[in-house]
Amino acid sequence: MIIVMKAGATKRERDEVIKKIKEYGYTPHIIHGTTRDVIGAVGDERGKVILQSIEFMNGVESVVPILKPYKLASREVKKETSVIKINDTVAIGGKDIIVMAGPCAVESEEQIIEVARVVKNAGAKVLRGGAFKPRTSPYAFQGMKEEGLRLLAKAREETGLPIITEVVNPETAELVAEYSDILQIGTRNAQNFELLKKLGQIQKPVLLKRGMSMTIQELLMSAEYILSEGNHAVILCERGIRTFETATRNTLDLSAIPVLKQKTHLPVVVDPSHATGNYHYVAPMSFAAIAAGADGLMVEVHPDPEHASSDGPQSLKPENFTAMMVKVRLFAEVAERSL
Amino acid sequence: MIIVMKAGATKRERDEVIKKIKEYGYTPHIIHGTTRDVIGAVGDERGKVILQSIEFMNGVESVVPILKPYKLASREVKKETSVIKINDTVAIGGKDIIVMAGPCAVESEEQIIEVARVVKNAGAKVLRGGAFKPRTSPYAFQGMKEEGLRLLAKAREETGLPIITEVVNPETAELVAEYSDILQIGTRNAQNFELLKKLGQIQKPVLLKRGMSMTIQELLMSAEYILSEGNHAVILCERGIRTFETATRNTLDLSAIPVLKQKTHLPVVVDPSHATGNYHYVAPMSFAAIAAGADGLMVEVHPDPEHASSDGPQSLKPENFTAMMVKVRLFAEVAERSL
Amino acid sequence: MIIVMKAGATKRERDEVIKKIKEYGYTPHIIHGTTRDVIGAVGDERGKVILQSIEFMNGVESVVPILKPYKLASREVKKETSVIKINDTVAIGGKDIIVMAGPCAVESEEQIIEVARVVKNAGAKVLRGGAFKPRTSPYAFQGMKEEGLRLLAKAREETGLPIITEVVNPETAELVAEYSDILQIGTRNAQNFELLKKLGQIQKPVLLKRGMSMTIQELLMSAEYILSEGNHAVILCERGIRTFETATRNTLDLSAIPVLKQKTHLPVVVDPSHATGNYHYVAPMSFAAIAAGADGLMVEVHPDPEHASSDGPQSLKPENFTAMMVKVRLFAEVAERSL
Amino acid sequence: MIIVMKAGATKRERDEVIKKIKEYGYTPHIIHGTTRDVIGAVGDERGKVILQSIEFMNGVESVVPILKPYKLASREVKKETSVIKINDTVAIGGKDIIVMAGPCAVESEEQIIEVARVVKNAGAKVLRGGAFKPRTSPYAFQGMKEEGLRLLAKAREETGLPIITEVVNPETAELVAEYSDILQIGTRNAQNFELLKKLGQIQKPVLLKRGMSMTIQELLMSAEYILSEGNHAVILCERGIRTFETATRNTLDLSAIPVLKQKTHLPVVVDPSHATGNYHYVAPMSFAAIAAGADGLMVEVHPDPEHASSDGPQSLKPENFTAMMVKVRLFAEVAERSL
């Protein structure tokens, strides 16, 4: 931690800061600058947020942290990329690019099994489908709940595809974990710390979506919540951030892929469907995600998007998904990955 | 709902749209434009999100909703501003401006009682203090939990001030409701719909903070979740949105006050402490909030901000809070309000 | 400047950094941390942007500047607030709050003289009006140009009000300066550095609007362009930044007022008309700006907003402006200012 | 244009709106809804911004435009993608992906010629280099100006590569046009309408960078300024938008590629260097841009980034650029393009 003193700070103010630094167990180092002094505080500053109170002291201009506030998620702590095992044949973070596909919401047995077969044939390795649906409007369809989980499990039985579905609160986390192979945390719950802690205590892979207004560092802090409770199987998902642009529902931040690859060992997947909100843009953004180094994709596919109970406009029809996957495979090869 | 057809849409495409509109129970009206057709669909479109699937149809350029997606929160439905009764003497939304003040986190009996006395003397009408703390870092202080609630209740006993504290998950909602006079939903939970529904079922006033990346319309949708479950005592709180500017922690969107006053009957308060993240800016932003028409303020006050267990840099010292309140009263008078 | 080395940086990498620091004329100070080294580089780092190339060196994690990149605009360099003299009776930055009012665009002699009289009677001290109009659409009204300047001058003759109008390119800067008392730089030109330099060479007060996506620090850098060319009469104007919120045209960042007051000696005014884009919100935001410490306001007033050639929806009618000014005066008094 | 009336609007208010619509030469169509009326105004609404004044009328809730405000840039007006010819062998917008590469700023004859050779050998088709440099700080290097243009021309002579360089104001536009094959408009000038008009009058291809806070629609409006002056050779460039994320300098909005491809016939290139501000992220983002459908790239290459006079940290070394181009070619092939 570096403490920058104000230009006109007095010796007494500086001494107070040094005293406080020592109280907290750090070793101070003073650098006398041309217009102001700078004090380095040596010691492991993580977890000691109390140090921010130094910002409050007289004569202090600003305090600059040196260490990243996350530890277990950091590539400094674990150099090799984590490979998260989903079942005996599927793992995320290895050479294989994993495509997770399916409808936004499970609507019926027929629908989910039909989609499961289609996406499997096209090369998807995981079936997605919402049973508990967090919706912006209280008047919108809220999901089939446990019945939806049962239908997902049936689709897994039929096709062998592992399933991913969203957990919306701590109470139903264990119920969802009984059925689902991957537990998804949605964008609106990405800083629901109670939910993060709960999933940290369940030994199932977690897919953590980036919150709409979360920085990459905050995403890693949310991952740290899960990791620090003992669950190390965390997959990060970029799904668009909120910006002033309205031509797409959110702005897909593909730069987050190389940034995350540099900072963390956790695998990174991309959800182009929710990011763009428009099925026309899903294929190009999927190709781009693979080219940028993503470990997987999460794509909405619906047999009849016009009658979907949620998010129809962003869902691909089966034939479009199948066509897209042909090119995803080619891009994956250039990226030295397999599908 | 207005459906704008593409410039080159065929008659068949248009007919398909009209057919679909009728299926959903709307009455279609076609307007033949110079370059394209526009179709009006008459009927109550709220709750029928399925209509968005029309966007997906061939020949459709865009679909423009006419009705606001919220109903109970709307000023069209209820013209007069809601006055939310907190106890026998305190109500929010009436002529009185209500200042809620206290520390970010309850730390000890001594601390919370001292602050309660200070803020009461200065003119605050509600005591705030966090018992359950949602923190970005898992390594940061997470609050005193139930013990914190007991200390808040003790401070109420001592001073007569009603209390407000945050609820972080549905499980502990009833516990918090036993102690607290107002239930606060924090910015990171503003779209935690499970929590919103839960608080909609408890008959206690709820203060709903705007999420960092929520539009004003989405804030009203979250309020609608609480209202539609039967709890009509909702207070909205502007606390800064996330923008590119880093000189303040968030950007306090004071324009939200007149916008909300126009669109909803619910009272609106402002939290300048979390918005700016810097105690220097709390007083000017408090004055501005009152001038802009806010019904109240929520301000952090700590007897010893340098040793606060959370958010020290944004907390006012008691003497600064007291000085600020003198001017808040004067600004309130010009705004034709009382303190 | 502080250079943070990577956790595993070698001694050789560190030595290379130290060598480079010395080459640039700085004195290095090494702090050996628990997990990494930190190097302080002592010397005046302003203008030496070349130092950023250190970020590029092997073993370097990040480089943290200590000094602000602006000098002349900084309150460290000049402690007392600058009072910018407009004419013999009007100055901005002193005890008087200066309200600048008038139509978005000058449309006719009758219109501008009528508005000038109205705003003068209500208490405005400066007449605003656009002669050269930068418009998002090439098909929109682009202003009356030199004829507009002549009409503004005539309105000044009639009423004694000094005038402010926008300069849109370096070529016409001197022409505008012949007529206008204050030269305005619009939001879209706030980083048009050629224009800033040009106005730095003309000895007339400049009102610099914040760019829609400019940080406060960048606004001060743009001011520095004008100041460093020799023109010290710069007035800053907050007029809303671009965010995801669409209920207002831009998001008025009133926190910028106390932030700027802390960082710079230059006066700060607020334009609530362009920020909100809606005349309903102009009065509350004007009151809030005064309460937050603004030195002035810039408000659009039009005798017949329904027929305005630009920005009608955000213009106040004369009677609304007059009513608003009554309350502006009261808020100004509480803020210990006069009108 | 659709006018939505308020729920309680009177018949008289509605009649006033209809009268006004007719005055402007539109044909009104009334749709009687369940809670309010909606009025369609038929006619070509482009250029008639005056219509926005209807928003101001009593009883009007909102006005929704139907037509896009741009015409010449629209794919509705011109279906086939424009291919912009640069010289006898290079064109942008056709099957070939065009890579423009070179240093941020021209620094010396030796530097620019060395880079020109390197990038040509690696497959670049255009040499980029700044002669006039718009810099945020007045104390930063502002470019070699005309001498820089001469050196660029020399590099063209040596290598045969056409050149692109930035124009910073209308005065020097013709000077730059004498030397340069493509005229670049930088992000800070993307709404400098005087400059746009000037370049619309010069018959040279223009590369228009998206402003940091411009929507895609506004980018097309700026293009419309150039097109409407008679210059149809406009290339659009996505270079990152300003968001809350700070891990990259800006957020590269790759979704803008498919959106623009849908809305306009103009070619689209991507600048990953300025967008990310970090050379580590340039290659993955280049690959992603090609995969998403970009027509070209604009990449910074510097023989000695550590000693670059501007933007060193985002410049690729020659060997990294060459390595990147090998993979760019492979991604281009999968995208059914050639390099």
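Order of writing sets the labels: A, B, C and D. Residues in every chain begin at 1.
Just so we're on the same page, a residue touches a chain if its C-beta (ideal position, glycine included) is under 8 Å from a C-beta of that chain, and two chains touch if they have at least 3 such contacts.
The model shown is predicted, which means the values in this text are computed figures rather than measured ones.
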What chains, if any, are shared contacts of chain A and chain C? B, D
Winner on C-beta contact pairs when C-D is weighed against B-D: C-D
Which whole number of Å gives the spacing of the CA centres of chain A and chain D? 31
Averaged-CA centre spacing for the pair chain D and chain C, given as whole angstrom: 26
Roughly how many whole angstrom separate the Cα centroids of chain B and chain D? 38
What parts of chain B, by residue number, touch at least two of the other chains? 213, 242-244, 246
Can you tell me which positions in chain C touch chain D when the two form their complex? 20, 46-47, 49-50, 52-53, 55-57, 69-70, 134-141, 168-171, 188-189, 191-195, 197, 211-213, 218, 221, 224-225, 228-229, 242, 279, 305-310, 312-313
Okay, in this complex, where on chain C does chain A touch? 2, 4, 7-8, 29, 31-36, 38, 40, 42-44, 64, 66-67, 76, 242-244, 246
Spell out the residues on chain B that touch chain C in their complex, using ranges where they run on. 213, 215-217, 241, 243-248, 251-259, 262, 275-276, 280-281, 284-285, 287-293, 327, 330-331, 334-335
